[in-house]
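Going by the order they are written in, the chains are A, B, C and D; count residues from 1 in each one.
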Amino acid sequence: MTRHLFYDDYSEGAHPALLEELARCNDDQQPAYGGDEHCRVAGGRIAALFDRPVDVHFVAGGTQANQVCLAAILRPHQGVIAPVSGHIAIHEAGAIEATGHKIIAVPAADGKLTPALIDEALLQHESEHTVMPRAVFLSQATELGTVYSRAELCAVAAHAHAHDLYVYLDGARLAMALASPEAGMTFADIADAGVDMLYIGGTKNGALCGEAIVILDRTLGDGFRYQMKQRGALLAKARLFGVQFRRFFDEDGLWFALGARANAQARRLAGGLESLGVELQHPPVVNQVFAILASDVAETLSAEWGFYVWERLPGRRLLIRLVCSWATPDEAIDAFLESLRRHL
Amino acid sequence: MTRHLFYDDYSEGAHPALLEELARCNDDQQPAYGGDEHCRVAGGRIAALFDRPVDVHFVAGGTQANQVCLAAILRPHQGVIAPVSGHIAIHEAGAIEATGHKIIAVPAADGKLTPALIDEALLQHESEHTVMPRAVFLSQATELGTVYSRAELCAVAAHAHAHDLYVYLDGARLAMALASPEAGMTFADIADAGVDMLYIGGTKNGALCGEAIVILDRTLGDGFRYQMKQRGALLAKARLFGVQFRRFFDEDGLWFALGARANAQARRLAGGLESLGVELQHPPVVNQVFAILASDVAETLSAEWGFYVWERLPGRRLLIRLVCSWATPDEAIDAFLESLRRHL
Amino acid sequence: MTRHLFYDDYSEGAHPALLEELARCNDDQQPAYGGDEHCRVAGGRIAALFDRPVDVHFVAGGTQANQVCLAAILRPHQGVIAPVSGHIAIHEAGAIEATGHKIIAVPAADGKLTPALIDEALLQHESEHTVMPRAVFLSQATELGTVYSRAELCAVAAHAHAHDLYVYLDGARLAMALASPEAGMTFADIADAGVDMLYIGGTKNGALCGEAIVILDRTLGDGFRYQMKQRGALLAKARLFGVQFRRFFDEDGLWFALGARANAQARRLAGGLESLGVELQHPPVVNQVFAILASDVAETLSAEWGFYVWERLPGRRLLIRLVCSWATPDEAIDAFLESLRRHL
Amino acid sequence: MTRHLFYDDYSEGAHPALLEELARCNDDQQPAYGGDEHCRVAGGRIAALFDRPVDVHFVAGGTQANQVCLAAILRPHQGVIAPVSGHIAIHEAGAIEATGHKIIAVPAADGKLTPALIDEALLQHESEHTVMPRAVFLSQATELGTVYSRAELCAVAAHAHAHDLYVYLDGARLAMALASPEAGMTFADIADAGVDMLYIGGTKNGALCGEAIVILDRTLGDGFRYQMKQRGALLAKARLFGVQFRRFFDEDGLWFALGARANAQARRLAGGLESLGVELQHPPVVNQVFAILASDVAETLSAEWGFYVWERLPGRRLLIRLVCSWATPDEAIDAFLESLRRHL
């Protein structure tokens, strides 16, 4: 096995079944801008999963999804409460601020908002001299590889609604979250919990590119296509997304299977690490493994394998992040472990 | 031949050669966000076509390309001069204004800016009470199916530079323009004429999706990737664009061939219309045919074929727009003409 | 009489009665940010003039008023229809676009919107590829010195509402308009006609600075103070505006008297010009006089007096604009006319 | 002595000398938009204080000054580092974000940035996935009533420049800071330390309204008046600011005297509190006094006197903020102390 990248879950192309489907549907003419048959069917399948009428729109990437959705939810003077580790808070180069909105970042060690953290933000934003909080930003799974349990999601959403805050969920890795027993929830549970808008991640779960925005509180959907266009998010050949998401949610449940596969590979990797006596920060909940290595070991390994150093720890140790995906071969994991074994 | 859509040049999927290439390169792992080998090679090929060092970035669609590029060129108080028919001026749902910039729209019957039109705009924008014009927006080919000749492009660019205006070119249909004898220019000619930034269209020329932004005045490239990210335009799997554009500019000149093919099909259609005695607004310059039909004929036709009514003319006549593409089969054109013949 | 400036109606300081009032109320402590007694009383007087409950807010200038109000009315994908000569369309350096909104500018020779002009704009903005028109911008008086009659205002407002467009009115020179028989309307008439939001001009009618925003459709007032703050428009010592507007609308009707005075001085000037055989573009409707002079005469005059050349006319003639105000002394007008007489 | 408000330093009107000057200059006609003689002279006096050529512009309020200045300094993808207690970070209702820029807020217990805090922010913002830090925001005095010493200011500015960050200073209470021995600096020292742009506060130091923006790095001044106009900050009668700031910096040093007076009154109040055995959080550095009172005492007092509760402390105690100003009479302080004495 040659060098493998554990940097992220988007280092490969698309799952072959999606490419095949794109090739199969390639020739037929379809209306542009999401008015095509594929988008229609995919949207219907997604609505069925949520078990209620919803609006579905497709965009090319996650930052774009977050930007378009939050700009649609908020009026100019309103802001969104997010964990400091939230993707919008730190890793979108100011995409939300670019639409004029403040992100009210609150510390959340595990990447998850709680009613108490929301209260803290509300307390500091009580008058017209501050931004008016009007939404909360949740990620499921979070950027730190954790998930909200069903009870946690219900609690945080109920608290948000009680304070007139919309609930927006970034589902870049929703497939991994739904496959995780720690989360223990379905699409319908997410809707029942009170999430108002979310996007279902495609890119990190095997799509060539594409995310599905789902508007559960349909009053928020007014003018949405205008806003997509205005943000450069309304693609002419949106069929590209329709074909993939229709296939994702075909009878064989491909989208679910890929999320489960990513988690399973992470567990395989984590198990191997533990067998070698490597300390994990915590057992993997989704497809990310956080392992603690001596600095020199980690550095030697990084010459052969791709992964990110997450944090420098005391005692010349490093916390490294290893990400598995639907595409991670067993052989890559085994070879990595073997390589590590030699260096320990 | 069943019903065919002449609405636009993006009703089909991708050219098969691009899909094949995507499938061929699918499995290899690559750095994300455009740092991959495919984007690198594609960028190199594009630089070679311009015959000089350039910065190349890939984004998913044309509105996004225009938005990111103009926002990178302009400071907050500056605006861009564009023809009223320019894509940014009317068909992007305010994407440029959403970044805070005014479009100074000037009337241009044929969709083309001229030194005189630029002067008109400058005359009305002379103090800090107005927006400061700082760029001009050209489309090659234009939204009206016309092209700038080499002399026209040189004249307008020189005039712009003489007045401290950057020259930005929307090349959504650049393939058709470069294939058109009326334009009579190459990539290198565009650079020599003084264009400062442009995008090379993929979507309307057979790509699954994707446009290549080319920064000729590289001083404008500072911070560009940040701004792409901030506008939701930096895709994780930008390899998708790299693979396609590398293939587009492979030795067989696929990108050029598809543009030429679209024009040829438009000429075939135009010739057939003329044989039937149908009046054309003007002979097709690129891949759009503007034909004048009696209202009742046009309406009958529209039940079977897809096309847009462009304008209502006196005498119960309609100006209709028929767009051909790389994917338009001869049979579709012939069947359309036969259908029309029966209704005349 | 020395050189006098007829450039505009804001070349002097404040009307002495306002300064006196500022001095009289200077020492008492008041809550900041518009929560003071003066703003409260002024707001009450304004509501009484409109003869209905309204929200009143005070800001420092007209561009700011337009910016804050339109940003409060429009959602991100929506635009405002305005005459090309509208202040927001050409003389605010892109202040509206800076909040993300497109101005849909329509030609209006006399500076006034009509139902037909609105229809034209609507016709070109019918889908999500264009901005969604959601408001109309009227100026009373207009930037060209014309006014809407009561019938015209009713017609344009009714047409706007019928097409789901809010009606916003820029009242920078509302005092002059209300004093004009051609307009023939009161504050209450403006409300009855269906205007949804407006600002009552102070700066051009003798205030040191300050405009009063009046929200007639109070559903538009939600979050307004937040948005004022966010745009830098919520002044700590907003009492400055409260004191002036309370005084403006004191029993002696100062605000009305100053508007009438400005118009009267323009009529005096216009009468004098006609006596000298000078051609007027049209009789003055408010406080602006548009006169046609031979170029050499105008140039000689401009060495001694301040005025703007509005347009170059055929036959070596110039259209000049002379603006009178509450502060224009009879002596200045007489001396100007005498000076002109000598040069004719 | 009746009830007095210690809420802030802007509960009164203007210092009488400013009102007199406004009255004295009221009648002369002057060019609008800051082109007047008063603004020219005031600008010259300010340049003399800084002992170098600078650009000076006047705006109505502090939030507006911060918004216009930072928007002029930053390109779209760039952000500003500020303490969490910085006015822009929490008390401007998202005014900076409304121009598209992220504020990178760092914890600073005393309201002051340090090289170490800047490094922390830089460390988390290293790639195009994050905003690019490009400026630091300092307040002198800070929102917490502290000041930068000359050495601290030099250190933070030098560190900022070494990392390619512009230094912006919010001088809402600069008069109090310059009057404070703890700061120990002059206008020229601020320039020598490396501040690139600042505003000199008028509103909180006795102006009717108005702040003077000073551009020390004049390369940042390009297009500044356009941007003022675009943000609604270019007032027609900017003479209002010119007259006041010319008077502020007249030979009698009014501006300096008012700052010193505010500080002196705070010291008088603090001394009285200490005599009564009241604990101060720290001795007053400028014009704010932070005192610790038993909750019941504070609540009783608040029925008669105006002040803000700053924080709830353990043991049923409250930290209250008492602000003095140029206008605070000795009698008000004495009466407040007497009132407190009775309730202790």
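Everything that follows uses one rule, which is that a contact is a pair of C-beta atoms (placed from the backbone, for glycine too) under 8 Å apart; a residue touches a chain by one contact, two chains touch by 3 or more.
From a predicted model like this one, the values you see are computed outputs, not experimental measurements.
K.L.:
Please tell me whether B-C or A-B has the greater number of C-beta pairs in contact.
P.N.:
By the number of C-beta pairs in contact, the winner is A-B.
K.L.:
Rounded to the nearest 5 degrees, what is the angle of the rotation relating the C-alpha atoms of subunit C to those of subunit D?
P.N.:
Subunit C sits rotated relative to subunit D by 180 degrees.
K.L.:
Roughly how many whole angstrom separate the Cα centroids of subunit A and subunit B?
P.N.:
33
K.L.:
Using mean CA coordinates as chain centres, what's the subunit B-subunit D distance in Å?
P.N.:
51
K.L.:
How far is the middle of subunit B from the middle of subunit C, if each middle is the mean of its Cα atoms, in Å?
P.N.:
Centre-to-centre distance between subunit B and subunit C: 42 Å.
K.L.:
Using the touch definition from the top, which residues of subunit C touch two or more other chains?
P.N.:
If we look for residues of subunit C contacting two or more partner chains, we find 76-77, 92-94, 98-100, 128-129, 131-132, 226-227, 229-230, 234.
K.L.:
What residues on subunit D touch subunit C, complex-wise?
P.N.:
Subunit D residues touching subunit C: 4-5, 7-8, 10-14, 16, 19, 22-23, 25-32, 59-65, 67-68, 92-95, 98-99, 203-204, 208-209, 226-227, 229-237, 239-240, 306, 327.
K.L.:
Any idea which subunit C residues touch subunit B in the complex?
P.N.:
76-77, 79, 90-94, 97-103, 105, 124, 128-132
K.L.:
Could you pull out which subunit C residues touch subunit A in their complex?
P.N.:
71-72, 75-78, 99-100, 128-129, 131-132, 223, 225-230, 234
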